[in-house]
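Report on the structure given below.
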């Protein structure tokens, strides 16, 4: 008997409703963001999603126009979904494991901004190079 | 503590409860039977056994015309007993228990059916309790045991339902309470009117045997 | 012995057996038996709930035969049965129970309640708590030979009367006859047409039968008061007469409790099986009918119903036979609601009719029978128990109801085919 | 010995950007199940605190807990935890050995008395004076009591340290006990599991550093953020439980359909842990997702709670034999007592005189 003999079924768990619930949650947050400008985040790792549900969410949100990539001790992948203002932010460690998986409702994800400390540090290094 | 308590009710507690229940019930039923009766010297017109066995089954249905209070008791009593037994014997979790203890198992009923049976049993019990307070006959007949055994039968149903439906407490607490309530029921059963769970069939046999002997088919 | 509380308690302890213990163990206090009891349904008083009538006996069972009960008794935590309590219970056990057995039929856990009331009465009478009326009747039965005080002279007068009317001989003390007929005292005293009726029927059917001068009284007050000792004495007289005359059968009269006393309790009372068979007159008539020995002609067009005596249906199993006979002669025979095994008692069985104290209550609960009769609107009630017959007459009169009451045997005799006489066999 | 430098300084020395640190904090917030927006607040605090001294004592254990924590010990984000602390003693990980190792422990205890964090894995045998497990000639019991004195708080890592674990299972020949059985006067955090989820260890340390206090604990001393709910509560197969759809064997249709593993012995309903959400191996999977029921390893006495493959309703003790013996006893008692009762009944009946007609006459 080989592995292929074991039948594997992919069941449609969409009916369970977790994905619909989350999409509703995102819509509510988006309304709030439009009204008050308040950004917010949803931690996907805290939700008990099955792999199928996870894929269903990905399909439902789709991909938009912007994507970005951080290279900081492991990669981070950010992209705007099909719905502007809804970002999917995934942090990986060096080994490529997901360490944080977030839906961020914001104009730009916070982590994309250059950090003041890093900017200062950068200036220092630039000045050092210029010999000032 | 909660894990230790759960472990205790699943282990030692269950052993104690099972021991008391079995010793008590076997003692009670056998002692009762061994009191004996005088065999009738009259000439039989029918068979005691056929009458006895017949009544053991037939008496589950009341054929006498009753008043409203009687019909209420019969219907609520029926719903309670059916609901209780369906819940007890056809919930998957319970079958897993019987399988572990007795080695026997059978198909479970869908959860929706169990939900209905449990709710019916709980509702019927509440109705019967209220009726016991309200109905003059029952009120006069009742003593502390009637209320005690009501509570002992009600708690397993209630905690079981809360457990399945995630109501009130967390799973471990409810599971512990559920098992503990069943153990209390088991311990009390042989010494209270709960013993009717077995003696009913003996009573029905004797009643039916008298009629069977006389050739009365009822 | 003289009656005392201790005697009563000892008697009850001796009466408790496996069925009793099982019944008390099983009772869940559901109260359904109340619905089956006409003393509850007609008064609405919960104290008449059948199982409650056994409360002193139940406690005694608990204290003497259960683990916790014995323990409680040892440490003095149980309530002993007292004379005062039994006095309070006397009307419940006697006045408001006709031993009709409907409660035993309804009980969902299967308790034979009337079986226990019968036992309870043993303890009541042994402790001196039997009603005066029943005591008197029983005393007369033992001392005079009949609760109503009829004696052999009365019987002989009635025999003479019947012989004159029928032109036939009524056999008395005929040794070697097949059947020995027993009568109820009411039949000797009031419904004496029965003697002529059976004489004619048996003549037609060619039945070899006799009456016994020392065993004609079938009514057994000992059973009703609940004393096996006295009941045995009364049954013993019939047994001795039957053995003396070497009959094959003893015919129970149209009397419910006499049938129970003879057919089902008799051998147990005297402690040995009968060397003869006991058959109810209605059973015998139906046998004769089915074997073609009983022939009738003409019918009675009157709208009639049949009242089942409790001891014949529920407690006796004679259910179809009277109906077969009714259909022979009564084309307009209708059944009352709940007829048959569920039939309601006349209200006077089980010694209630002999207990004057119970008369007002008995009259009150006749409303049940009245309702049954109102539902069928008949001109005649037929029954097969002389006590029922008296109670029905009494109740109908009290309720100003114009309905005739007759015995089934008499009804059959009225339509006996004359030309068939002597041709049978 | 100088005070340990702050985390910010240390990160800066290593050339790790603020953005990277923010990413780490986002991961921390996820781990600790804090609101995802709190990452920047965490970052602000963490950057400024001094790295505390940590002494890690391993007692009667299998090193599984250390393995769990260090399996991913490569330049990954979790490893930043080792930058948050100064691990002054860990006899498996440290380079020093022998007297030098013990010396560093004693030095740290002296230097940071009252301030250091004490991490313990493994249970402590106390039978026969604790002789069943010794390090450098000293019993675990002795070493724990000494180290606990100067600890600011104790973190019991793994089910053995937290609840006694495997060594404590019946018949417990070494008299193994948990840290909390011996130490009553110090705050103790239990991070149970066999092994515990590495992210939980890091999360608790991060919480301690960020907020300067222990996280909220449940009644078993476990951080509520991770142990607040049962596996069952957060299980993605929960809908099947609620529908009563159970796999009956590991290779039946139900198992293939991914139905609930309750009847195959899953202890998820009675087990508090974060496996169902945090998962293992970098978020890859957890036992139930891989087709095996939860064995309940983060709960006390899980070794004694019956077979891992027996369903929860199954008794954990032999009930059938007890019932058989009970039936025999009950039958024997019934025969004996009913004989006595029948004798009593016969005696009463024989002593009873016959009722006569005179008895009816009375007064």
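Order of writing sets the chain letters: A, B, C and D. Residues in each chain are counted from 1.
We adopt the following convention: contacts are C-beta pairs under 8 Å (C-beta built on N, C-alpha and C of every residue); 3 or more make two chains touch, one makes a residue touch a chain.
Keep in mind it's a predicted model, so treat the numbers as computed, not measured.
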- Item | Contact-richer chain pair [C-D vs B-C] | B-C
- Most distant chain from chain A, judged by the mean position of its C-alpha atoms: C
- Geometric centre distance via CA averages, chain D-chain C, whole Å: 77
- Query: Centre to centre, by mean C-alpha position, how many angstrom separate chain A and chain B?
  - Reply: 57
- Centre to centre, by mean C-alpha position, how many angstrom separate chain B and chain C? 37
- Message: Between chain A and chain C, what distance separates the C-alpha centroids? Give it in angstrom.
- Response: 92
- chain B touches at least 2 other chains through residues 27-28, 31, 34-36
- chain D: which residues touch two or more other chains? 337, 341, 345
- Task: Two or more other chains in contact with one residue: find those residues in chain A.
- Result: none
- Message: How are the chains arranged in terms of who touches whom: line, ring, star, complete or other?
- Response: other
- Message: Per the touch rule above, enumerate the chain pairs that touch, sorted by label.
- Response: A-D, B-C, B-D, C-D
- Query: Okay, in this complex, where on chain B does chain D touch?
  - Reply: 1-4, 6-7, 10-12, 14-15, 18-31, 34-36, 91-94, 96-97, 99-102, 108-111, 114, 170-172, 175
- Mind listing the chain C positions that touch chain D in their complex? 1-3, 7, 10-11, 13-14, 16, 64-65, 67, 125-126, 128, 130, 135, 138-139, 142-143, 225, 227, 229-230
- Note on the structure: Within their complex, chain B touches chain C through residues 27-28, 31-38, 40-43, 45-46, 55-56, 59-60, 62-67, 69-70, 73-74, 77, 135-143, 146, 191, 193, 195-196, 199-208, 210-211, 214-216, 218
- Can you check the complex and tell me which residues of chain A touch chain D? 6-9, 11, 13, 16, 39-43, 45-51, 53, 70, 72-74, 76, 91, 93-102, 110-111, 114-118, 121
- Query: What does chain C use to touch chain B in their complex?
  - Reply: 16-19, 21-23, 25-32, 34-36, 40-41, 44, 46-47, 49, 51-52, 65, 67-68, 102, 104-112, 115, 263-268, 271-274, 277-278, 313-317, 319, 338, 341-342
